[in-house]
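So, here come the structures, one by one.
Next, two complexes with chain A in common: one pairs it with chain B, the other with chain C.
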Partner chain A sequence: MLAPAAVLFVLFMAAPIVYTLVLSLQKTQVSGLGLGSGSRKTVFAGLSNYAAALGDPDFVSSVGRVGLYGLIVVPTMLILALVFALLLDSRRTRLVGFSRVVIFLPYAVPAVISSLLWGFLYLPSVSPFVDLATSLGIPAPNLLSPNSVIFAIANIALWGGVGFNMVVMYTSLKAIPSDIYEAARLDGAGEIQVAIRIKIPIILPSLIMTAIFSLIATLQVFAEPTTLKPLTNSISSTYTPLMKVYRDAFTRNDVYSASATSIVIAVAIFALSFFFLRVVQKRAFEEN
Partner chain B sequence: MSITAKSAVSARPALSRNRSGRFAANDKASVIATLVLLVGAAYCLLPLAWVVMASTKSGGALFTTNTFVPAGQLWNNIVELTQYRGGLYWRWMLNTALYAGVGALLSAVVSAFAGFALAKYTFKGKQATFMVLLAGVLVPGVILAIPQYFLLAQIGLTNTYWAVLLPQIISPYGIYLARIYAGASVPNEIIEAGRTDGASDLRIFVQLAVPMMGPGLVTVFLFQFVGIWNNFMLPYIMLGDDRLYPITVGLNGLLNQGSTVPALYSLVITGALLSIIPLVVLFLVLQRFWKVDLGAGAVKA
Partner chain C sequence: MRRSIRAAIGAGVLATALALTGCTSGGGGGSSSSGDGGGLGSAANPVKLTFWGWAPNMDKVVAEYNATHKNIQVTYVKTDAGDPAVTKLLTAIKAGSGAPDLMQAEYQKIPTLVSADAVVDIKKDVAASTTAKFSKGVLSSVTLGSDALYGIPQDSGPMMFYYREDIFKKLGISVPTTWAEYADAAKKIHDADPTNYLGTFSSADAGEFAGLTQQAGASWWGSKGDAWSVDIDSKAATKVASYWGGLVQSGVIDNEPQYTPAWNKGLADGTQVGWVSAVWAPGVLSGNAPGTAGKWRMAPLPQWSAGENATGNWGGSAIAVTSQSKHVKAAVSFNTWLNTSKTAVSMLVKTSGLYPADTVESKDALASGSSFFSNQPDFYTTAAKVAKTVKPFTYGPNVNVAYSAFNDQFGKAAQAKSQQAFVDALQQMQKITVSDLKSSGFTVKK
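Entry: the complex of A and B
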């Protein structure tokens, strides 16, 4: 019964990984003028592709951008999702059903489509924010300028992701038996104290899992900047690490260096995820 | 809200109408808390409200009129979009439905088999298999997309439907979820009973286990469906022929052309609106199934 999964796993996950590893250790050697058959051959390159990838200023700055982007997105995403989840779970909030559905709704919109919608909302000639600023008499913001475009992309990720993470947290809040709160209430604890002292510690595993999933998603940001690219000059073709991999592999036909770069990214994602997982291993992935 | 919570409330009308059905005698509504939620909801609705308005405008009016004032060009825009290169847009929609629908279905089937086997059989290397699976959950799909391209290119499958469909059938997370469902919902006694009656493993799985795992498998299907529908990089890499594009890659391409031919912008916007509608409808119908519990590693349906 495992056979179909095992075959597919080997073909579409294990084999590509091995193949990338092999490619990342090779390079094309050009002899003579590079003309005629046999003048180009593939030779073993050792770790030189890795050295080149790690030393490439385009790569380094794309990593820097994604690092900054992650520092903006992950904490903001988790805090907003947690606040919304706690508000939904609070006994003093109204319109809970409506808000939950509407805040979760962007999860149904593909990243390309949401980038497209926000892209137009940012575009100075269409943007309602510019209209608003003009009518208030304040200088119109250029949301797609080199300095602000990273926030513009972060906003798209937040718009699409907060609701999903909120539902994850809300589900685990709902799973807490309510008698746990009774004692605290008898001692006179208010909603906020119950939230901070009881609810948050209990749902900590969910928080950490959402953090890991957000982190993984952040490091491989691709669709949003690629979709916004035609609307602004602020996004280069190496804006994020994956965009650089794409450019190297398909625009420059440098498969070997693209492979090395994608291995570096995969290892980084793995290292970060495992670091987080180790911290919570027992609690988060407990066997049933 | 689940049906049980609602009936619990109506059975005890004297208590507060708290949705969780908890005893809540002195809960005053907090205006600030409700307001914060509504601000969040308004933020989430803003781009959707905008696209509804913008798709009623002609290409020129898009840049000249106030953003949130509608015009009457929606039908014209739809006609233009439909005429664009012989109905290419609707082909993208069909492609998307095919990739997501067939892909998610196959993925749920494969996950169900593997999850059931991992939960209910003991075999050599089971623990190792499970560890590989967990590692697989963390391997980002987009990292795989480029090597998958090169492998599929070698056997000549790139730029075909298979190139987008096949890599997305295997889902470590789907298998992981299916394993949890099989563990939680299929009692060992039932399997024993089936064996005693002489049923084959396949029959036990199909006739006994699958119905019990049903709600869980629906969730696996939904996850994969949304995942494939959202996936951009894989089809972006794999496909060169725009008649094979899913809607995301198609609209992205159209937007790209729009930077030189702004008249295409109104097509892009109308196309975005029309592509969201089926998903939003599906989502609203199914949203009560989405109870995601990543912390416990399970999704309850």
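Entry: the complex of A and C
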């Protein structure tokens, strides 16, 4: 029964991973001026690509940047998603279907397109918001300046992720049997108390799942800064770890060091998710 | 029933006959093979080629070819200019499939493409009469100083200075002939209206900066025997970096990248009053700011000292045949037509706004001037004079690394708005480029 899944796994997951590992242990050796066919050959490089990746200050600062970005995006996104899910689930909210679609809609827009749209809104000389602010006499901040560009990127990712996480949480809220609420109300609990004491603890597993998804998505941030990059001096070609992988593989044409860096990133993502799960699982599931 | 069988046979015979005649007439000059890999095809069985490029309106030139050449049919795919196109090609080469037959390659990318085995030597398929139409300087960028020929030159990009004549007149500014005068003009324009700039320093255009240092006498790479040398932070280049850093620091020119929606808007609404660009600028200006036709004027690039006469190159490209092409002969035949036939070359001038590398066939087309510069009928005569003053410059095997380092380092410097940061950025570029060469195993001599 599992055969198709196993075949697909080997073909599209295991084989590429093994191939990346093999590539990460090689490098190009040039002879002479490097012109003409056959002047470049591939040789075994040992762990030198890994050493180079970990010792690269550009890589280290890109990791730091993504860490900061994660601290901005993940909590904000999950809290917003949870608040929206609870609001939609509350009995007093009107136009539930419409609101749900509106919040979910940005998720359906590809990251590159939403980044382009936001890019236009950020660029001071074409942004309608800057025009509006100047006509009102308010100084408009330059969102693409080096200090605020990380918030500009986080903002794009936020709108893309909130809708998806909200739908996951909302779905598990809908699965809660309504007699629990009735019992709570008989005990005199209001909407807010029901939300805090009953709803959030029950949907904790889906909160954990969305947190892990968001964590992984954060470490893989690529499309938003890459799309904004041509518009500003504030985003370098190694702004995030994955952008460095892309630059090494395609701009610098060095697929070997790119493979080593991507293995490092993959291991980091795996370790982080595993660690997070271990910590939260104890708190979340063993108490019950 | 019988009738339809007979009809079918008749149709078959007719088709064969047509194919045969098509073959003999369409084959024309090439009496060669019958549709095998290296052949030139026939009207009934044309060779199908794909061609990646980005020059404005190239699709129209290709359509003209397809209409007049039944034996070879070319599919044109418009790609992004510069780095993305090279990235795409190198990826396809590595993957083993997906590359086009022909590819537009900027001159500075050719060493990279050659050393990655992405383009082939077409020397034996190109007639000597074809190569004779190009100047030695242009030809050396596709031969790389060897006996090989890695592409047929299409256009060249001598740098010049573009400015809004109406705004210069209004402010009573004369056209700068030296960089010192350029700085004065930039200050006057910015002082008159703080939203206006004579230009911007763009960290997105390494080729433009390379051309400016070329004017000052720099050459970033050199080769001697089996060793490369890198001289990015030379005295000349440092002078250029420091000059632009000073302008950015004082705020009289802009520090935002070119080719953004904001910059396009600036060209159209007159807040970008000048542009240090190359001879192909009319194509970009007419595309981004069609409403300003007749308002721009072109002049030679400002000089470092009065009376000098030098310029650099920004862009300019050749059409190369990729190593994945199964129809090298047909590709060369199209390539030759595209860059050295009278019809194509005059279309390159008139519809694509390019300055052809072919010095023979382009004479008539260039005589009539550029339609976007209707106010300057001597546009191409001036351009031809400027083109003769391009200084020598050598590109190395890791231009991609140096250019990507330029984007990052000068991006930071432009943001910091400090003259010293510009000089530091140049030194960083040198360091990064040298260490990349060394780590790939090249011999590097200073």
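Some points to look at:
Keep in mind that, in the parts below, the second predicted complex is superposed on the first by the 252 of 288 C-alpha atoms of A that agree within 3 Å, B and C clash if a C-alpha of one lies under 4 Å from a C-alpha of the other, contacts with A are read in each partner's own complex, and residues count from 1 in each chain.
The criterion applied here is as follows: a residue touches a chain if its C-beta (ideal position, glycine included) is under 8 Å from a C-beta of that chain, and two chains touch if they have at least 3 such contacts.
All figures in this text were calculated on a predicted structure; none of them were measured in a lab.
By the touch criterion defined above, A:V264 lies against neither chain B nor chain C after alignment on the C-alpha atoms of chain A. With both structures placed on the common chain, the touch criterion links A:A5 to chain B but leaves chain C unconnected.
Residue contacts after overlaying the shared chain place A:V126 against chain B and chain C alike. Contact comparison for chain A: of chain B and chain C, B touches the greater number of residues. In the superposed pair of complexes, A:P230 makes contact with chain B and with chain C alike. In the superposition on chain A, contact of A:R252 is made with chain C only, not with chain B.
With both structures placed on the common chain, the touch criterion links A:L25 to neither chain B nor chain C. In the superposition on chain A, A:I153 makes contact with neither chain B nor chain C.
Contact with chain B, but none with chain C, is seen for A:P110 once the two complexes are overlaid on the shared chain.
Applying the stated touch rule to the two superposed structures, the overlap between the chain B and chain C interfaces on chain A comprises residues 119-120, 125-126, 230-231, 250, 255.
Across the complex, chain B meets chain A through its residues 1, 16, 18-20, 22-24, 27-30, 33-34, 36-38, 40-41, 43-48, 50-51, 54, 62-63, 66-68, 110-111, 113-114, 116-118, 121, 129, 132, 134-136, 138-140, 142-144, 146-151, 166-167, 169-170, 172, 175, 180, 183-184, 201, 205, 226, 229-230, 232-233, 236-237, 247-249, 251-252, 255-256, 258-259, 265, 268-269, 272, 275-276, 279-280, 282-284, 287, 290-297, 300. Residues 83, 87, 90-91, 94, 111-112, 114-117, 144, 146, 148, 203-204, 223, 226, 228, 255-257, 259-262, 265-266, 271, 397-398, 400-401, 404, 407-408, 411-412, 414-415, 436, 439-442 of chain C touch chain A in their complex.
Chain contact summary for the complex, chain A toward chain B: residues 1-2, 4-6, 8-9, 11-13, 15-17, 19-20, 23, 80, 83-84, 87-99, 101-114, 116-121, 125-128, 131, 159, 162-164, 167-168, 171-172, 174-175, 178, 203-210, 212-213, 216, 219-220, 222-223, 226-227, 230-231, 242, 245-246, 249-250, 255, 258-259, 262, 265-266, 269-270, 273-274, 284-286, 288. Taken together, the chain A residues at the contact with chain C in this complex read 27-40, 52, 119-120, 123-126, 145-146, 230-238, 247, 250-253, 255.
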